[in-house]
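Going in written order, the chains are labelled A, B, C and D, and every chain counts its residues from 1.
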Amino acid sequence: MRHRCVKPVGNRERRRRRQEAGSELEFKTHVCCCVSVFCCCRRVCSAKMDEALVRTRIPQDLEKVLGVESQTNAKAAAFTKAFLKKSIQQNSRHDLDGMLSHKAVILGYSRPKKDKVKRNSKRAKGLNARQKRAMKVFQIKPEHQRYELFLPLHELWKQYIIDLCNGLKPTSSPQFVQQKLLKADFHGAIITVVRSKCPSYVGTTGILVQEFKHVFKIITKEDKLKVIPKRNSVFAVEVNGFVSHIYGSRFEQRASERSAKKFKVRGTIDL
Amino acid sequence: MRRADKDDKPTVYQRVVLKNASPHHYMKIHLVLQDASTRLSAVELKQFIITGLKSLYGEVGAALNFDLLKYDEDTLTALLRVYSRGLVKLWSSLTLLGSYQNQACAFRVLQVSPFLLSLTGNSRDLQLD
Amino acid sequence: MVRLKSRYLLCEVIVSDRSRLLLLDDRAIASAVKAAVARIHGDYGAALCSIRFSVKYLNAHTGIVFLRFPKRCYKLLWSALPFITSVETHRQKIPCFLNCLHVGGTIRTCQKFLVQYNTRQLHQMLPKCKNEEEKRQVHKAILSCSLTRGNKDTIEDEPESEEDEEE
Amino acid sequence: MNMSVDLDQTPRSLLVCDWSSFLDDKNRVSSQVEQLHFNYKVSVLLPECSSAPAHLDSVLNSFSSFYLIRNLPIHELLDKQFLETAVYQGSVYGLSYRTRIDEDNCVALMPNGRLSLSLDKDSYQLLGVEGKPSRFSNRTNSRYVISIDLTDNSMAPGGRGYLRLLTGLMSRLHLTTDFLLSHHPGGGASLQPLLSRYDWSEHRPELHSHALTHLSCPELQSCDPHSFLEWLGAVDADISCENSSISFLSSLVCPEPKTTLSRVLRVSICGLLLPQDVHRLIQEIRCYLEQPQLESWLSLTVHGFVDSPVSWGGREHGVLRGGENFYTLLMFHDHTYHLHLATGAHDTCPP
């Protein structure tokens, strides 16, 4: 952390100075290098188990066999120094450049966002709209578009509403029933369009098989699947003699979201 | 304003279409008074309408020419004739006339037409009982 | 750009006794115009006059008045101006009438006209001068007529010089 | 000078003037008369005549009677028996009574078998039959006009359109109005099956005649149409034209040049009048005019119903201020005639 904060400034500083006075910088780098070389040597030596062993003189007999002449201690030390200096100097210089460029990379570095990754993983669990469409998940096959197939659903729905409204006796108040119906699920209800801005929708009746945000899909007695926009239409739902009118324009939510939604008490009844 | 399509022999067949050419407009109005027993003469009625015009449109409005063609004192129903350009002024001042001699009153405009003839044949008067 | 269009009426207040001109102020003129409009055009006119009517500028020395009316009804309001016969100010009734000199869409055009008008007046005055001193003064005044000087200066200066000559 | 703002504008009005002769093959009087289906009032002005001639009187008295049904559900007009006895045979004239076209739902059944409904927005949305926005409603459509041809195949009893309209009128929009009915040529006999089920009454057109004396009359051949109509209206409404131009109350005067007629007879007849009867009357008047007389002209004015949803032909009609749709036929001795047709605002041009 500290590095990230401090070094870029120093780096920039240094670059600026290099531009100002190239020679001075050169010199400084050299000094720097020397220091680092020394450090290196020392580290290398200590890493090697025994320095003394290296520096021991080669025995006389071996000297003869190999045809080399052992140097004096001081001479050898000088050589090693020179050799190391020569060979390592290049590397250290390289490193320095590398470090400089590396630091520049640090400048623009940003922390990977963890939550994004999380969301991605979450989304990947389901299908997106296009995939759903391609796979026709929510489409009812033509051979299944039959009114009598959905009659049991309607029976279930009736039972559900009666349970929801505590038996739905004729004595129960319409306000109470409407309050319950407002939050109820309508899949399986028999709905009728009683008013619409578009006259051709008026009078259409059938079992509600699917509800989307903006449309109802109903299946009519003639086994036709009809898609009816909620907007600009009024629907009537009949349960045990209670007829409720639903203003579609005020009902434009998904069935699941509706339960949590608060409805406005007053509003225009105009389409 | 005018469109005329004439045949080759204008003496034989001629058709003229007049659009917005009527110089006058005619109004059938009915005065409703708070106290139904109050009677107005024709002169009083015209004077009353002129005061209405004067309060809404000032002296220029009071100078607006209109005729009280017919007035029935029993039913307080009158026929007015006004130049087409003054129709809106007259009508609006009738609407805003609210009191006659400190009693509330209102003018009901029954029918307005650019033809006097059409005021004599209003099918809304048909009574079948 | 959309803007509210107005018409500026450049009028001069004509009084018999010029010294009483100095008694005039904006509010007196405005109320006189409003009263005249209400009398001539009734409630309808008074309502139109209450929207964007204002007295933009009044020079009490020369009696020059700028009136602003909304463009859509300026003719109606204008028609009431000849009916102003007196302006009441400081509990005094000043008999006067308004003479409309120019109608413009902006104050600037009205000002240009006013400068031109006053120059013309000075030119007419030149032959009538009696002595050299007067002639010299009128010459000076004509030469000083231009719009390049400060806006208000021109308006105020020239009429004053004109006035000097008259006296 | 246009001082005020939009204060001198008046809604549109149309006056069509035709000058022609009955002897001309191209004259269209009979079609123009027949296209105005719902006539409320016919008034005839007979100059130099103190009592109506016998044959004119007989024609006026033989105007067919009409029927008023109270609280008729409109779906009864789609009744199969009614369609077969009345609509398909002859021509039936039906119009809702005491409904105002600017506030209520109006229904008209035209002789060509078209049913025209002028409905307010809420009723239209309930009914569920395709219609058109009315020319009389402004930007927000508050009135719709539905026009249905009952003689069409789809509107035959049992057909798709028929069932749709029937269920709409029976179950959703319970449209009930007082209804005026008349039938040509069957009269009451063709309507009897429908009438017998409801509260109905038969009405004769009301006949009024009024004699006027010393009437000043303009020169008709050269008179400006508007002045002529004004004069005729003044005569019809009993308005005196004897004013001086300086009188306070009224300055209405008879247009110059003028003559004075010693006697004038004004005959008017009110009710639901059939165009066929009007046509018969015109023929009779032409015969009457051929006799040598003092004054050789005669005028006939026919007023349409103000609240009818249709005027000439099947074109839409409405009330903006006056709802005028009338025509005046001024006939002369030499078989020439002047025909003035007038409609109010937003109506289409008469034929």
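Simple rule for what comes next: a contact is a pair of C-beta atoms (placed from the backbone, for glycine too) under 8 Å apart; a residue touches a chain by one contact, two chains touch by 3 or more.
The structure displayed is predicted, hence computed values, not measured ones.
Undergrad: Taking the mean of each chain's Cα atoms, which chain ends up nearest the overall Cα mean?
TA: B
Undergrad: What chain pair shows the greatest number of contacts?
TA: B-D
Undergrad: From the mean C-alpha coordinate of chain B to that of chain D, what's the distance rounded to whole Å?
TA: Computed from C-alpha means, the inter-chain centre distance equals 22 Å.
Undergrad: On a C-alpha centroid basis, what's the spacing between chain A and chain D, in Å?
TA: Once rounded, the distance between the two centres reads 75 Å.
Undergrad: Can you give the whole-Å distance between the Cα centres of chain A and chain C?
TA: Those two chain centres are 73 Å apart.
Undergrad: Roughly how far is chain B from chain C, centre to centre by C-alpha average, rounded to an integer in Å?
TA: For chain B versus chain C, the centre distance works out to 43 Å.
Undergrad: Where in chain C do residues touch two or more of the other chains?
TA: 44, 79
Undergrad: Return the residues of chain D touching two or more other chains; collapse runs of consecutive numbers into ranges.
TA: Correct list: 4.
Undergrad: How about chain D: which of its residues touch chain A in the complex?
TA: Within the complex, chain D touches chain A at residues 122, 124-131, 164, 167-168, 172.
Undergrad: Which residues of chain B touch chain C in the complex?
TA: 53-61
Undergrad: In the complex formed with chain B, which residues of chain C make contact?
TA: Touch list, chain C to chain B: 37-45, 79.
Undergrad: What residues on chain D touch chain B, complex-wise?
TA: Against chain B, chain D makes touches at 4, 7-10, 12-21, 24, 26-27, 40-41, 43, 68, 97, 100, 201, 203, 225-226, 229-230, 232-234, 236-239, 248-252, 270-271, 301, 303-308, 321-324, 326, 328, 342, 344, 349.
Undergrad: So in the complex, the part of chain A that touches chain D is made up of which residues?
TA: 194-197, 199-203, 271
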